[in-house]
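Below you'll find the structures, each written out as structure tokens.
Next, two complexes with subunit A in common: one pairs it with subunit B, the other with subunit C.
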Partner chain A sequence: MSEIKTITLTIDGQQTTVPAGSSIMDAAKSLDIEIPHFCFHKRLSVAGNCRMCLVQVEGGPPKPTASCCFPAGDGMVVHTQSDMVKDARKGVMEFLLINHPLDCPICDQAGECDLQDISVSYGSDQSHFAEQKRAVEDKDIGPKIKTVMTRCIHCTRCIRFATEVAGVEEMGATFRGENMSVGTYVESALQSELAGNMIDLCPVGALTSKPYAFTGRNWELIKTPSVDIMDAVGSNIEVHSRAGKVMRIIPRENDEVNEEWISDTARFSYDGLYENRITSPLLKNKGKFRAIGWKKAVETLLPKLDNKKTIAGLVGDLHAVEDLFAFNAFMKTTLGSDHVDARMNGFALDGSYRPSYLFNTTIEGVDSADAVVIIGSNPRLEAPIINARIRKNVVNRQMPVYMVGAEVDLTYKYKHLGDKPENIAELYDGKSAISKELAKFEKPLIILGADTLGRSDGLGIYKEAEKLADKIGALSSNWTGLNVLHNKASAVAALDLGVYPEDKGMDLGKTLKALEKGTVDTLILYGDSTHVDAEKLKGAKFTVYIGSHRDAYAEVADLVLPVTPYTEKDAWWVNTEGRLQEAKASVAPLMNAKEDWKVFRHLSGELGKPLPFNSLEELRAHVLKKCPNYKYNNCIAPAEKWVSIAGADKLLKKSFVETVTNFYKSNEILKASKVMTECAESSLNKNKAMRKAG
Partner chain B sequence: MATPKLSIEDKIFKNLDGSDDWSIKGYQKRGGYDGLKKLLTTNPDVHIAQLKESALRGRGGAGFPTGLKWSFMPKPDGKKPNYLVCNADEGEPGTCKDRDILRYDPHTLVEGMIVGCHCLGAETGYIYVRGEYYDESSRLSQAIDEAYEAGLLGKNILGTGVNVDIHLHLGAGAYICGEETALLESLEGKKGQPRVKPPFPAGFGLYGCPTTINNVETIAQVPPILKKGNDWWCQFGRENNHGTKIFSVSGAVNLPGNFEAPMSITLKELINDYAGGVIGGWENLQAIIPGGSSTPMLSAEDCETAIMDFDGLREFGTGLGTAAVIVMNKDTDLLRVMTRISAFYKHESCGQCTPCREGVGWVFRLMERLSRGEGTLEELDQLYDVTKKIEGKTICAFADGAMWPVQGTLKHFRHLFEEKIKENMKKSA
Partner chain C sequence: MTTAKSKATKTKVKIVSPDLGHHATDVGLEFSKETEAKIKRILKRYPEDKAQSAVIPVLRLAQDEFGGWLSTSAMQLTAERLGLPYIRVYEVATFYTMFNLKPVGKYHLQVCTNCSCMIRGSDKIVEAVKDFTGISKNGEMSDDSLFTLTEVECLGACVEAPMMQVNNGYYTKLDKEKTLQILDALKKGEEVETATPTTPMKDGY
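Moving on to the complex of A and B:
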């Protein structure tokens, strides 16, 4: 192993030792010396253009040095508080403000603005500027981001983010000097699933959230740590609420999961929490829903849950761990029915062997992989955060990516190796050039789309992937490179908790057949899913829908019970890695909605077979008994020795297709969100326009 | 003591006035490409050592010792190619020497590129020509074609085993692309903005490969130095400032033009003996900008004794720059000239660094106002203060170059501002 060289230098009279290659700013950080900056961002390339981080280096040229980009040298003596530095900072601050509109009272960034904060600490209290200020025309860059370009300080963070992280080279600077202007050149909506992160990156109020515009002041907001459920990544978020209403969502930093990015669905979908919500129980009467009280709703429901009846339960995509457990127990112990399935995509595996359905390498593990093989998945839409992670490694380390599946734009280059299940065999047959190429990697990472495993030949595809993994060394003692990428927030928890027929009950397919035949007495639809068309769910004698949004599934029901979405309950969530994370309730349940598990507990009591928990703590204790892995809170369980899954090897000739076709509409909250509807339309229009232009 | 004029033999650019044939035939008749084979078979280290000794300093403005610069280049390691890039983005106001080299003696540059590439271990050279020099670049392009036809470019030149390919690239009209790292960015197809240094181009230049960037005149001067030897070269000019140099003299002189003259010639001689003297006589002289618009001006008094070399002009707080001598006599409204120069820099700032982007425009607006007398005496101090806040705070030297002329004006001609301001105050009173 090569020895890591270190450098010792003195900053403001204090000595520090840092690894070779560190910048002066890094070294200062190690001493907790604050150096003000605008353009520098630890997850973006270094631009060195704002000139706010100037420091004085002894023995160098008689001018200050930019600490963000100047490498620390052995024996260097640096001053960050000398007169030269103070003058330089004051000067730069004054230049930044001469053309800045100083419209803080009407700026959404005020209160969390780098320019404000740094100006207070390092600026002067007056300007000498007596000329006309510059004004820049605002640009329309889509429904996500509002621009006030006069406020722009040209730090280029947004440009670097779009180019480096998001992989869409749509932002840039046009013109020179004081006319330099940041934008998209041809005015059009940004086509990125990560565009919203530019709002957080913008150190001033040039790019702010369009949906949040003029709705609140950040100092009035209550900030609650939570977990995003728009995909199965489990991005860490902070839900900001005011007066019992969610006002906005921003990311929390977690290097192991989302670094500090979140997808736009996570950030902008919160208006969907207040659209199309079910606010009280509804009973269908002559084809029309009528609001009723909970008491009457329960009275209506209880006779339909008689255990002599055939009762089937289908579970949607957005349920927390506790709620899934409570529903599963309610179905299986209280109602004595094994006809329950949460695998709405038809996922071929069950929960008997945990690594068979997890993203075993972990999201952070992508950083140490040396090649990626994607099978039947579009990570850009199914998990934009993981896709950005792959892209980072493709860009920084030239990590090769191979793809068997629909040919889609992943924002980075990959080798396309066919789109049929039979193409997988070519990757490991040992004869083809590609199989020889793959065999030479030490840490190959295979990503299998969860929806692809929901095909009727899902198990066969899984077995093929397993063979591939075995042949190319993805299943060695120190590297587990076979991963399933889920795209629904409750997918992993449902498998962990056994929310599928464990005895001889009907799974999804059989339930649908039974519905067609009319042999189901009572169908319980717990939550919505985009995988199964609501039309197929008609046919039970009585259908009850338990969910938060009045979407397609609610319409086929006879009775509707309102429960809570993710922001309204304390809950555990398990992401595609199998990582358990806790979210806190940021607001109270809307109107008459109740926390899901309480509904099942109450019903079980009414039916005379009460579930054995009376509080969330007791419920969690039961969950932990069922899934001991969950005790590793916010960290994934230790790796196990690989066990192969037995099963058929049937493969169809059918091509893999894109399963997430409408990114902005892939669950009931997104479907309810007006902002997401606008985003979906703008991306559709752009696609159309591009097709027209050829 | 008068400096003797250069004989035609001693001139490097024998066809600088365009009176002779610019093509390869003409160049060879004038002795071009003679001895090239010998240069290409000699070890590059020998050449670089000789260049170091010759004290050839970069002709693009900064005056950095060329031999030293070339010695920074790593030997090609087989993994990454080395590049020689010729900076022909001549944009400094007042400067037009490279233009005449490109159109009247382009083969001096081609030969220089061949020898330069050999010295630096590069097999590919790029010539980045200013976009406005379209006609000149066509000439150069023809010259490159001629050299290919004559077997002087391409694979195995003259049987020496040396391979050199030259590519020509036209800029798009940005002054900043004359800054070497902005030039590289532009050459790579990006927005022309200077890079943060370190890393320096010698380690991480064009496409991330070791790169040396030199001015047209510098590169063209290399073959004659190596052929004729340092004794010949060092007879011209003073210690550390040897050789010959093209001076572009413009403004209020009777015979403006490009003149190749020995270094360390006095400014007065250059004006009187080469450029036909100041219009209206030497007594009519007001000020001279000695090295392109970025260099602070000399007062008429300083012009009496100024010596035109890197060290000589530094004594007067200015620099040789590109040796573009802009002469202003007493008929010139000096403040208007300086305001126009400020407008140029406002227009040409790339916009990357805060002080330059915001400050240069501010300085221009102050200059515009104060040069008309609209303002107060305190604002003159403020103007100086702003230039000081910009100078030395940016990635590249553009902002410094934009501020020096303003500072020079305030130093020598503050009284002109004051007169205008007082006059204006009287009027409005």
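Moving on to the complex of A and C:
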């Protein structure tokens, strides 16, 4: 018997050929025929419980068929517009609305509600139901999601998402029949970094955003495509604003990066854009900051930038490509100082060989890997989206995962192989059982945590990982399986652009020592970082902080200049794969804040050595000259031939530590956000309760 | 759970508060040795990675072990024993009416009020139970904590309707007097012979 590979069927008189195993719904999609549905979702398992997708199959059973879960058959004749189908849809809608409160005027989902849309298009304007509707108690599932459970239509999308994608089995359907209710049963905050995606998945207004509740109507919002910078994944987002204020953030679909999920830090941190902001330049006088004008601020600063002085610059974690380039040029050409470093985690490598610090396999490449080895990283917290992708492959095709590092909950099973750098050698020595096991894979994928490479033996760990990659065949001609997972949005761009000492300047470590000794005249802190304690940054004769938020680094400064966070500028961002993506400004800079590169351009002019660009376009042209790879806008530069980088460190006996200790507080925007503070607290409380329960 | 509702009352889904009994933090809860042995036997029926299949029998054991009802902690203990997320056990426990989600009396009186029994006078049985125990509403427990009354759907003993189930035993062909006699005897702590054997499987689960 020969295997049937494709199936040809007719839907509404049009013929289509689809791969065997497709559902009728898939086949209809290939013809652009719309079939209304609630429970079906292309990234979740098929549940077939809402019955909205009914169609008529000729010659089949004399009743409508649920197209999302009925396989297309060869020669099948399907109708989606027959009277039977229309009646069936009306009937299903009527049933779904029996217990639905129809409270659209007070519902945040209104205007983007599947139930509303489908009801208008396919439903009936009358109902036979005259009895009392049921009501369901709302549940408190934490600070991210607001629930109005009476609106729930029991599609189970949220349950499937929690179980299948997020990997936190906390949502379920309890009780039965008329009393069925979706929730957590015992009230508790959902412990997922991806929980917010349930808001998008819920086809009705049962699960809506708690921070956004009653603050806006979706039709009043201006939607701007942007890129998330809470981690280095570069998730595609859409920033929604109204009257010059960011109102909420939702994902954009990009199969190569974030599919259609975003992490909760990306979604809920926008209130941090308006908390603790620096709204005008500040000058410290007797320990207290006083607001001053830009003119005065520049006048104060210029004498401190005299090129006879020792000037050092440290660069934080959340800067766009253009701003990094401008700052680097400002430091190196205008001020003539090579004491610049953006590697605040102490990252061991520089930018000389691009593949050495990229996630080379690409995020999409995770889907074709046949095993994953994680070294000193916690992808669940450093890149929740990539972790979800790994999990998908673990669940769907039992991809094995190995880990050398701190033992953490990754939402899937993995083999833990020790937590010290010396354990890496056991994976490739060719003698141990585990090294034999690993050698069998054809496309193994190694993930190295960026912060782990920031240890003092970072280079040694890198070389070990490279050896491992070489021995287990992760570096073949068609597969580059050695990856660095960054967790800060500007990490890769800073390496690409050379924002580190390129001549004989002081790197981070040396700068800190010099600060201790008191040999730095002027310290420029450009942005905040959680990696270096502000305490260590005292000690320069004059410190200027250039940033968006008044955080710990601002407090140690003598002068503070306000610049813009990511939502307030057109900018390029480069993610951990080295993918350049463009974000648009969704709102104007807040009050007296200025776009970063303009500040550096202005200062350079005042110092008599103007940087050679007067517009964003000119600046980008310079960036492209420095990094030709950036012409691959929104896609990945072709793989380079693997070159091993020189040097090796001794490995320390020190164990790998947990790389992210406070997920909800890992940069200045998150730290400023009240919602993130609540999330941090609720996850802390839950952890405590769990520990108590043993 | 099977609360019969009059038409006009608004149905509210009641979340059984975990405060009703042991807490999730109540670390002391444990299965006894005998129960543990039974669980092991049950688990042998299923492939190793399919422990979820054992949820119902293990929940029944838990219910028997911890006072005839399932507190949140009892469900959590079951989940932990089987290596399942809590919610997967909550779902099952709340779905089946045979699992009691709040404390029940020493004798759980489940009176069938489905068609056959109703036609044969189950209303009078319910009345008799209420009179004798002082319970005013379906689902409640008597003040002396001896009895809980629950109206249930068909228990498959229609041939001998009307009937009621007391804990695991069936009493059939009831009328008012017979019901009162049974209740009286139970109250005194005497044994009353049941109508049907109650061990459907070898070890009862």
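Everything below uses one rule, namely that the second predicted complex is superposed on the first by the 689 of 694 C-alpha atoms of A that agree within 3 Å, B and C clash if a C-alpha of one lies under 4 Å from a C-alpha of the other, contacts with A are read in each partner's own complex, and residues count from 1 in each chain.
By definition in this document, contacts are C-beta pairs under 8 Å (C-beta built on N, C-alpha and C of every residue); 3 or more make two chains touch, one makes a residue touch a chain.
Since this is a predicted model, take the numbers as computed values, not measurements.
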{"item": "Partner chain in contact with A:I98 - subunit B first, subunit C second, else both or neither", "value": "first"}
{"item": "Touched partner set for A:H128, first subunit B, second subunit C, both or neither", "value": "first"}
{"item": "Contacts of A:E178 with subunit B and subunit C, given as first, second, both or neither", "value": "both"}
{"item": "Partner chain in contact with A:G48 - subunit B first, subunit C second, else both or neither", "value": "first"}
{"item": "First (subunit B), second (subunit C), both or neither touched by A:H154", "value": "first"}
{"item": "Touched partner set for A:K625, first subunit B, second subunit C, both or neither", "value": "neither"}
{"item": "Contacts of A:E187 with subunit B and subunit C, given as first, second, both or neither", "value": "second"}
{"item": "Which of subunit B and subunit C A:P71 touches, first, second, both or neither", "value": "first"}
{"item": "Superposed model, subunit A: greater residue contact from subunit B or subunit C", "value": "B"}
{"item": "First, second, both or neither for A:E170, with subunit B first and subunit C second", "value": "second"}
{"item": "Residues of subunit A that lie at the interface with subunit B and also at the interface with subunit C", "value": "131, 134, 172-173, 175-176, 178-180"}
{"item": "In the complex with subunit A, residue positions of subunit C that touch it", "value": "1, 7-15, 18, 24-25, 27, 72, 85-88, 90-91, 94-95"}
{"item": "Footprint of subunit C on subunit A - complex, ascending", "value": "131-132, 134-137, 139, 169-176, 178-181, 183-187, 689, 692-694"}
{"item": "Residues of subunit B defined as touching subunit A within the complex", "value": "174, 176, 191, 196, 198, 346-362, 365-366, 382, 385-386, 389-395"}
{"item": "Residue ranges of subunit A in contact with subunit B within the complex", "value": "46-52, 54, 61-64, 66, 69-71, 87-88, 91-92, 94-96, 98-99, 128-129, 131, 134, 153-154, 172-173, 175-180"}
